[in-house]
Amino acid sequence: MKDHNYIPQKAKVVERESLSPDCLGLKIRFPKNYQFNFHPGQFVMVSVPGFSEVPIGITTAPDKNDFEIGVRSAGTVTKKIVSLMVGDDIYINGPFGNGFPLQKMKGKNIVIIAAGIGIFPLRSLIRYLGNNKKIFKSLTIFVGSKCPESLIYKKEYKEWEKFAKVYTTVDSCGPTWDGCIGNITTLFDKNKINKGSLMIACGPPIIYKSIINRYVGKSIAENDLYFMLERKMKCGVGKCQHCTCGELYVCTDGPVFSYDQIKYNTEALS
Amino acid sequence: MNKVKIAIFDLTDCEGCELQFIALREKLLKRGNDFEITNWRLANEINSNGPFDVTFIEGSPIAETDIETLKQARKMSKIIITLGACADLGGMQSALLEKKRERDLLEVYGPKYKTNSLPPKPVSYYVDVDLHLPGCPVNEEELERLLSSLFIGKKFSPKNHSVCLDCKVAGNPCLFLDEGFCLGPVTRGGCKAPCPANGIRCFGCFGPIEAANLPALKSAGEKHNSVENIDNTLSLFFSKQDVYKEYKISQKKGKNVS
Amino acid sequence: MSHNTLSQFISKIEGHGKLKYNIAESCVSVNIDEGERLFERLVIGRSYTELAFITARICGVCPTAHAIAATRAIEDAFGVDLNDKINSLRYAIEAGQIIQSHALHLFFLALPDYIKVQNGLELHEKDPGLFKIASELKSAGDEVIKVIGGRAIHPLTPTVGGFTKVPTKKEIEKLIIKIRSAQRLAIETLEIFAGLKYPHLNKKEEYFSLTKNGFVDILGDKLMSTEGVESDVKSYQYVIKEIVKKNCTAKHALHDGHGFIVGATARVNLMSEDDFNPKTQKALKMLKIKLPITNSFKNNLAQAIEILHFCEEIEKQLTSFIWSKDERTKVGYKIKAGVGVGATEAPRGTLFHMYEFDEKGIVINCDIITPTVQNLTSLEDDANEYLKQNKSVSIPRRQKELEMLIRAYDPCITCSVH
Amino acid sequence: MAKVIFENNLKELALSLSKDAKVFAPVKTHPNSTYSQYSFVEFSKEMELVIDYPTTNLPPKEFLLPPKDILFTYSNGQSQSPVIEKKVIFGLSYEDLYGVEKLTKLFSSPIKDDHFLEIKDSTLIIGADHFSPPKSLNFDLYLQKINSEIYVGHAGTKKGSQILKNSLFKNQEIKIPKVSKKKDLLLSNPDLPKIIMKSKDHPVWNDLAKICLGCGICSYVCPLCYCFEIDDEIDITKDDICSTKCRTWDSCMLNSFAETNAGNFRGELSERIYNWYFHKFVRMPKEYGFSGCVDCNRCVIFCPAKINYRNTLMRLVKDWESKNERS
């Protein structure tokens, strides 16, 4: 039983899969009668007893009893999470955050930009759109990564290509890579996008700057451009203050923000 | 499960920090199945030459044998943890100016004396350090936190707040206000503020907090203290720290300007 | 780098020393391998207010002794008179220091040799009862320092003119109860150490201790020896001379060109039977312990005697602290230029601090002589004497017993190189 | 008819309440200190109550949002929330009462913090000051000081009226004066949020960053600073993982506060100082409709650099006004 909002729900790791040298995918299942509903783009607070909690995006669409997460080993807690085995307990609190603007996607050309582990939460959206192909007009996915080995979910590109155009690029590579080389902006140069598209990006803040320079005021409207922000978080419910950007809380107002929401917010896009 | 093999080496220092292990004795005995101390000169009759899973280094490397021990310990250990201010910061002894060491030795030992030692440095000057446990001496509870983290494989990090949090929570009167100076505001906390609790100002033994603002400390302290006294106190534990060196440089520049 | 770099030093003593035993010539020496921290230089140019804090860190085993010696030296220089209340509390914390250090040494460093265990952990496994005595006695010593000094290692409260903070009456009363129950453990400890079989060694030595009005006193003002030397603490430099030895970072102290002994044995030997506290007297009689002690191995026995004696003493001093009429626990003073000498009986013997101050209380000169420096000469002499007197003992046994002898001295090499 | 209690009976009142709960009351704990003489401590009979405290070391949030608070414990695969003990905070000043009121609101919406509210619900709030009782009735009981001897009791809740039945309160005909706190023109300036919002580039932040030590004291002593850290503590003596989820005080003045993989979002002290003001005077007003300051003056008293937020605000307001006049 959950008796106050900081007590997480116990769940189990039912599958685990290495996604890249330092990333792991986990499938998580709650006990039978536990209700867990979420929107694509929301995140959960994940904890293991003895270790603290960390915010982690959900990577699947809300269509099954289980859900998946992808975790990069970055520090204390994430290192522990990636060491979990099938059958281990894992503790989940949430879901938290606003999620993607699904309503606005109706009939639109959608562009998804994922750099590095930014693909984790966006995969939830891709899968959702894959399940609901009728609602949007077209889907373009730009994926960038350091090297071919750290291109996460590449196995699924085939599946995605059934309903989307997928373009990938890597910063550097060995001889076996025959795709595009260069950072993610290289893809912007090579592939024209439709004017009036809805664009959603997740990755390190630096790419947001190039996206703004490139598209705002040209092909994308300010309120059609969405960024996911990443901040330190301790509570997930708008109390601890770690995730604030000016007036906004990444945990409750975000993590998905439209550009016009944050363009004057000096802390959001710093 | 294999027992974690722990080694504890003391270089040149007062050996106070390692006594904190003895202070934890009953608690540690409960975990007898999880670890064994295979090298501890102070407490073991027979000591292994390694390899070790976790090695604590106490003291600052000064004597030739200290540096030997240190390098050999690094080779034989998976994790090196500095135990206390001497290992972590170079200790108070490192406050003496290196270029005056020869003269200092002459003053104490006379002209015929030859030394085999080098000026005191933090351990990290010679070898890579994986974790730091600050303090002079290390705080018992923090050592306990470190060990319990170690046993479950959680990364330990020292506290990030200033001593003032510990101090306020303990309900101590603030000595910065009452007596005009204290290093608490720029010193890493976790110690539980025993010094202010007992009426003496913080000497900074946990080392500087991240982004310690020493010039601001100086201007706040200057009203009731000579800059010389402030510098003296700061030098005790901070002398080998980058913030302190930067502060000294900015001081010099400031003087030249005025 | 040799493979045994990590186990080259004599184990279970404070600090780094190597035993050099030349079997062919049947002689030994102790090499000291401790880096010079140069505390005597570190304090130069610093304010007197920092001295107790800094010098305590010379030694983590007897920091209280250093803090008190430094404080007494400053008080000597400034001409500060303390009241009885302050003196009682000082006495109690210094005695607590002796108990804390002796208990650590006796049970965790020395005793394992006699009962053939490797370390404290094994002691716990093989003889939990004994371990419990050790643990409780140690924690009684810790508690005295914690309650009076603010924490168990590197105490905080001793300051020029008294204490920055004193415990409440309630806290003292609790401490008295704890120290009273420690007395029972101290008696058991004394029984254990009176019953040990010590290796053979018999050598006449000169023993020194601090005294006051002719009695051994850990906060005394006169130096006295078993050979009739008597001198004011202030002129310690005429009685005790430090020499520098080649390749040795610790100095050696001599009196009149020869070695001498300070510490538990010295204090006990300078006391007459009725100088001991009642329970100690009774125990000495009951256990038929003969004084003076002339076998340096039996320094451990002397330490055990002292634990009991000082447990009683602490109770006495704390009681008089509570009942004393004086109000102040810190007296005022004026900073003065001049020289001050402060001494105290540290666990291992007489500890001297000397400072010279300018008119602002800034240190311009400093000299510190630690107990181990005073014992080093005798330690080596004793070791060689042991070899002479124990020719029939097997070589490995001799090697082992030599280490035990060194341990019996409880040298603090850490202190000796400061 | 008013319920009246004499000043020399207040101590007895506090002690009578301590029968069923821990009573925390202001006491002169450090008479020799110039700045930090008073603290709220667990009250017992050998202590002297100081009902007119000028200020205390820590604000009453120390009991509602304790510096280290156990959210729940975990052992043998089970989570368990702690038993919350009953408390009384006795003798809160007018400002501190408002501090408690605002803090409670902060933890009540938009998302409820169940744990905080549980603590608040098991705490009895008893105010004492010479002003007329706050209109919001943010107390269980309020003791209005009429003169140096007499206090009149006002109940804010049922629990409060229960206490008024104590025989220490006498029924007495008495004229209760209307005393209201003077309006704080600086803090109630309606433009304040806007002014601060638009002042990120004002030189004041860099000026402050030159003298601020970044110690965080101003957060710890503020009745309305509530940012926190959460971590698990582990019990070393247990083989099985037995952990305690602890909430501890944090401060946005500390360098690591907004540090992430992607960099430190407030890596400059000037940015952190700006955020401190921004939270109190922009974010909080926007979120809750009130400012994050009740003018208790603690951050001014206890700042080692003697930084006074009022001077900062006044400078900003002045510069804003003169800029607007010009344009």
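Order of writing sets the labels: A, B, C and D. Residues in every chain begin at 1.
Throughout what follows, contacts are C-beta pairs under 8 Å (C-beta built on N, C-alpha and C of every residue); 3 or more make two chains touch, one makes a residue touch a chain.
None of these values were measured; they are calculated from a predicted model.
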Task = Sort out for me whether A-B or B-D is joined by the greater number of C-beta contact pairs.
result = B-D
Query = Going by CA means, which chain is nearest the middle of everything shown?
reply = B
Inquiry  = Taking each chain's centre as the mean of its CA atoms, which one is most distant from chain A?
reply    = C
Query = If you average the CA atoms of chain B and of chain D, how far apart do the two points sit, in angstrom?
reply = 36
Query = Can you give the whole-Å distance between the Cα centres of chain A and chain D?
reply = 38
Ask   = Roughly how many whole angstrom separate the Cα centroids of chain B and chain C?
value = 25
Note = For chain B, residue numbers touching 2 or more other chains are 152, 154
Query = Residues of chain D touching 2+ other chains?
reply = 234, 241, 250
Request  = Send over the residues of chain A in touch with two or more other chains.
outcome  = 50-51
Remark   = Contacting chain pairs, sorted by label, are A-B, A-D, B-C, B-D
Task = Write out the stretch or stretches of chain B touching chain D in their complex.
result = 24, 27-28, 30-31, 33-34, 144-145, 147-149, 151-152, 154, 160-162, 164-165, 168-169, 171-174, 176-178, 182, 184-186, 209-213, 215-217, 219-220
Ask   = Where on chain A is chain D touching in the complex?
value = 3-8, 10, 47, 49-53, 74, 89, 204-205, 230-232, 234-235, 237-242, 244-247, 252, 266-267, 270
Remark   = chain B residues touching chain C in their complex are 7, 9-20, 22-23, 25-26, 29, 32, 37, 39-50, 60-63, 65-66, 68-69, 71-73, 76, 91-93, 95-96, 101, 104-105, 107-110, 112-117, 120, 136-137, 194-195, 197-200, 203, 229, 232-233, 236
Task = Within their complex, state which residues of chain D touch chain B.
result = 29-30, 32-37, 39, 41, 57-58, 67-68, 209-217, 220-221, 233-237, 239, 241, 249-251, 254-256, 269, 301-302, 304-306
Remark   = Residue set of chain A touching chain B in the complex reads 50-51, 75-76, 79-80, 83
